[in-house]
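Chain IDs A, B, C, D, E and F follow the sequence of writing; residue 1 opens each chain.
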């Protein structure tokens, strides 16, 4: 056990956990003032529910040696997961540290989806959805991509820090969820974010935490971590610049929310590539991410499909671009720019498999939840009109007046 | 000196320091809009005052080899505290790193108390209280529990990261302080938190920082730190879930503030146990913490005792449960579940000693401050009515209008 | 490569990056409600623009072996910067880690300047300014002070973590920029900060991040890092206390913004000294920083020069005091208190060189930007009156009403 | 001239605004208040999410428009339709207050009364 | 019908609300403003906490209720008692403005005037 | 007595306040609203900064003062000068509404009407 790597993995895990409150603020700032608590809670509660699921059965099903498609029950309740040795992952870092790090990914992924269903999804149903979706969608895909016996891992698909598992997966599930829960009432002209500083705070925390996300994914404190750190920052920066420039071209103004979104888009796109590309590759990836996600958001608005906070545009499209770009810009002779198309091909397979599986299983889960008595996807019309905060959470986000 | 452990201790210290602004936001969001600066400042100013006290004499009195009850003056002004060697603590990590880490605990503990006295305690008196309380209450108890020659340490009481020293201690002092400063005016129907996002932000920062608090308390980057990290997260998650479920049962709604409170309650309870229990023990501790603190808050409200932000219910009760639960669930053959009641007994002694000492000395300090001319515990009635922000701090938390 | 030091450098880099959103909140809270997005964006966008500049040419020009005054083009696009070896910096930590860490300094320095020009500087021009200023002012001074062949480094000036390069430099540029952009309209009676909690949040994040800034500047996880960590915290704490006490003496109240400002002033002053002084030296430096910056702000207000958020008073004066204090309080026989005036002399040279160079080149850059068609320093009168948020960023920071 | 102040549900503001514009009003302004009428309050959390209190006043929005006397009835009608929830209306739908305005002046031009609306 | 607008100290709003309900008003609404009357402003910090400025206007709350003409005096009396601080009252305690309302309509039912209150 | 309500640009509030005080008013209060008159709305970002929407209502501030009848014209004149932007005025400069107040009571003393102003 290398104490430097342990220190870095602990820190990286803390950073990734911190991303979830960051996401809560990014999303919370983007909605209207009557749905702030609701939006923040979708993310925050995942830190509770998914942590428990992960300890009880999630990790075991994701990383147990169960074959190509799913783990097994060997590590239920973290039984036999060593805090000093490395039986499972065979990295220099103890298994339990890796399991913790992976837990933080499982927490944030479903939280990402909630951007699509904000301002209308029923909270109690969401809690059940969290359990089901992590178990039946997240866990299997994580196994395919990252477990030693997962089929995409064995195929040779490269996803360093979770482009498919986290971002494409969340983006596709977001599309399904936004579709099934339906459009919000009265938002045809678009919603003005109610608190821009919160959006920037959220993006700042996400950027900060993403260093753990990507530079922790090599599971060690070494040169790979350093390089992943650098390209993460670079892609985020480049995409941020692209967004404000494009925004200025189209409207003559430079949106703070746009800057935040650009940064997140860059972070998403570099995620799968961060262990494989160099700084100039990162600039290219950030540039592409900026352009693609910017226009994806515009197209989404034209279509009018109510993916409220642009999860598909930012995480879905950004993630797909990242997976492909990994195949293009990977160094060490494996990327397309080095004349090798193999990784690109494997990654396309991984993307398609993720899209298909995530779409179908998310659809099935939501359809079932919709018909279970007492559940149902959508808050009542009254609750939606009055705001989910007061209706479902018994709280107003801000109390400004002295009355009562 | 192991550079990995040094890296982890530095990071853990930074994380614990960051908890104090986190607490400022948790508390600041819970009060009314006219007392936000005041409430935030109670915590923030502790980073100033207690750091200075700790460097000048606090550390020396807490960790000098002075006998069973208190340290000595050997390390005044951090004289002779080595940044490379380990004369005092005998851990692998240099003494100065341990002394820094401990400083952050001394900062946050009195800040925790302020939840009980928010919206009415006089700020200048509070500054004197900070100095006195850290010196006469915190420092001795820290010595008892953590110094090599402290009597509770020698007895064999187990408090990994500060359940007695930090949480029970703060909870009891909170009761005394709330009692002596008296009830706020006009809050009989309860106060609606003025800014729920701030509460969640605070809880998010606390959770993030608590990884340093607990996983840093082994003073090394090793398997113990990994395990402490895992159980910390697990207990917090479980208690969060318990709180929202109980809230839903009692009111049909799921409070964001409740989720935040549950998480903090779980973090409090796992604190003393975090070096000794496994993941399933953490789930049990988190579950118990959730239930106990939830009903403790309800009972506190029935009684009407004005511990404004529930310090006793969350930190006092949560801490006591944690100390007892450590005796129950500790692994390695020392917990009650393994048939050994010794640690449970020692911990009960530690809890009772802490309660008694904290109660009496806090009482004496406050009584003295109350009669010193120019001090006194309570802000004037006018200041309280107009809000402490404008009255004592010359600031309004938010300026929304254009006038003036 | 020492994995513990790598872990610490990664973490320190993440911490310093996180300071920039922290600064965004500190500054954003201090302005009026109509310029919040604008003020936050000045800082946030630097994370985008400067990161790209640094990767493409900034690092190479700053740390290439180009002679006494400037680097060279050897490392354009980070070509040849090793993630595992140490050709350039010769520290135990890989060059790429050092280059990343340095990038974060380059990001925050121009962001610091924006406090002086808040509420009126034209945003598009600012983007060009960012590129030019980092290239022509920051990069050369960084080379002088920190590159192995820089003339101030060779002279023997001691600036551990950037007192001259970051703080004095930013303070002087702030004076020039505030002067050239001119005074805001209608602020003669002073501006009341619109959101004090944001100011405290920003200060909390800065304090947290500053541990990376200073304790990372030794480029290793060792005793020097521990000591730098301790003195950083101590000076901040002392200056915080000084500010609220002086505030109380002058007004009878204790400002939250004042506490935040005091803390930042202490952090600024300890920056150059943090690798060279002990805890008692830190207390002296924090004390001096508190007193000097407090009266500097008061004098600035009397003069009425519109350095809007006191960049010169806090970073300029604080930084100059720190550079001098390093020469006074440095231990190891090199400080004035130990009878050696050499370092003090060198540091005075460094301060004067930084002031002169920063003043002149910032002046030239701004004068050029002012006359370039389509640019110009100042937003239109209408934009300023209506607020830069709506005018230049197309966003209102907070949307409180239900209309539209 | 007539000042019409309508206290409505915040979520209805956009509909009311549209209705006003359609009815041809020259201007309006909107603000948020806490109000109480026949409607029961809501239960909100206090005590960190473990206990609740009833908050009597609820968030409401007030939209104010000053119109010519002859537009009064049309405007009121328009507000009624836009603000009423469901066929029957529900408690909490709001109230409309009508009062006299003696003079109106347009700041820009100094125009007075009806020509300033 | 009569509109009563009381500008009071924010910390008194709860008492005033209670007094109104006791007096039997049918409804009310509350909003926060900055106001200035005889009361001196307060000194607030500017310049990052080292210097201060005097802020003329202070936070006040306005509570508005529309009542039948015959309730007017009772309501005013109730507000006076609830809003006055101390025996003698203090500068800054507020003011009450009384004006005519021509019509009141309940959105839910369309009921008019006194029956809508 | 006369109530004068001026809807003005938020950035003009300080000037209007000064003008009122100079004109000798006894008090005033200020609040922020969203309003729409002849002025076009502004384009604001929605959709995370990639697309925009037009926001019809703009931020405005309302300043209200109650004065003796004989001060009315002077006060209106003062507001007009302080609130008008540029020589000619611009769309969005605001409007002034004038109405009757039947009674004024000072909370502190119970003084009535003109002596309460």
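Rule of thumb we're sticking to: a contact is a pair of C-beta atoms (placed from the backbone, for glycine too) under 8 Å apart; a residue touches a chain by one contact, two chains touch by 3 or more.
None of these values were measured; they are calculated from a predicted model.
A repeat of the C-E interface exists among C-F, A-F or A-D. It is A-F, with more than half of its contact pairs matching by residue number. Residue numbering at the subunit B/subunit C interface overlaps only partly, since under half of the positions present are found in both copies. For the interfaces A-F and A-D, the C-beta contact count is higher for A-F. Chain centres here are Cα means. That of subunit D falls 19 Å from that of subunit E.
Between subunit A and subunit B the centroid-to-centroid distance comes to 33 Å (mean Cα coordinates, whole Å). Subunit B and subunit E have CA centres that are 42 Å apart. Once the centre of each chain is set as its mean CA position, subunit B and subunit D turn out to be 48 Å apart. Multi-chain contact residues of subunit C (touching two or more other chains) are listed as 2-5, 7-8, 11, 189, 192-193, 195, 201, 221, 244, 251, 253, 255-257, 259-260, 262, 393-396, 400-401, 403-404.
For subunit D, the set of residues that touch two or more other chains comprises 10-11, 14, 17, 30-34, 43-45, 52, 55-57, 99-100. Those residues of subunit B whose C-beta lies close enough to touch subunit D in the complex are 30, 189-193, 243-244, 246-247, 250-251, 253, 255-262, 294-295, 297-298, 300-301, 309-310, 314.
Within the complex formed with subunit E, the residues of subunit D that make contact are 2, 6-8, 31-38, 56-57, 60, 62, 76, 79-80, 83-84, 88-100. Interface residues of subunit D, counted against subunit F in their complex, comprise 3, 17, 26-31, 66, 99-110, 116.
Residues of subunit E that touch subunit C in their complex: 43-55. The residues of subunit A lying in touch with subunit D in their complex are 34, 186, 385-387, 390, 393-396, 401, 403-404.
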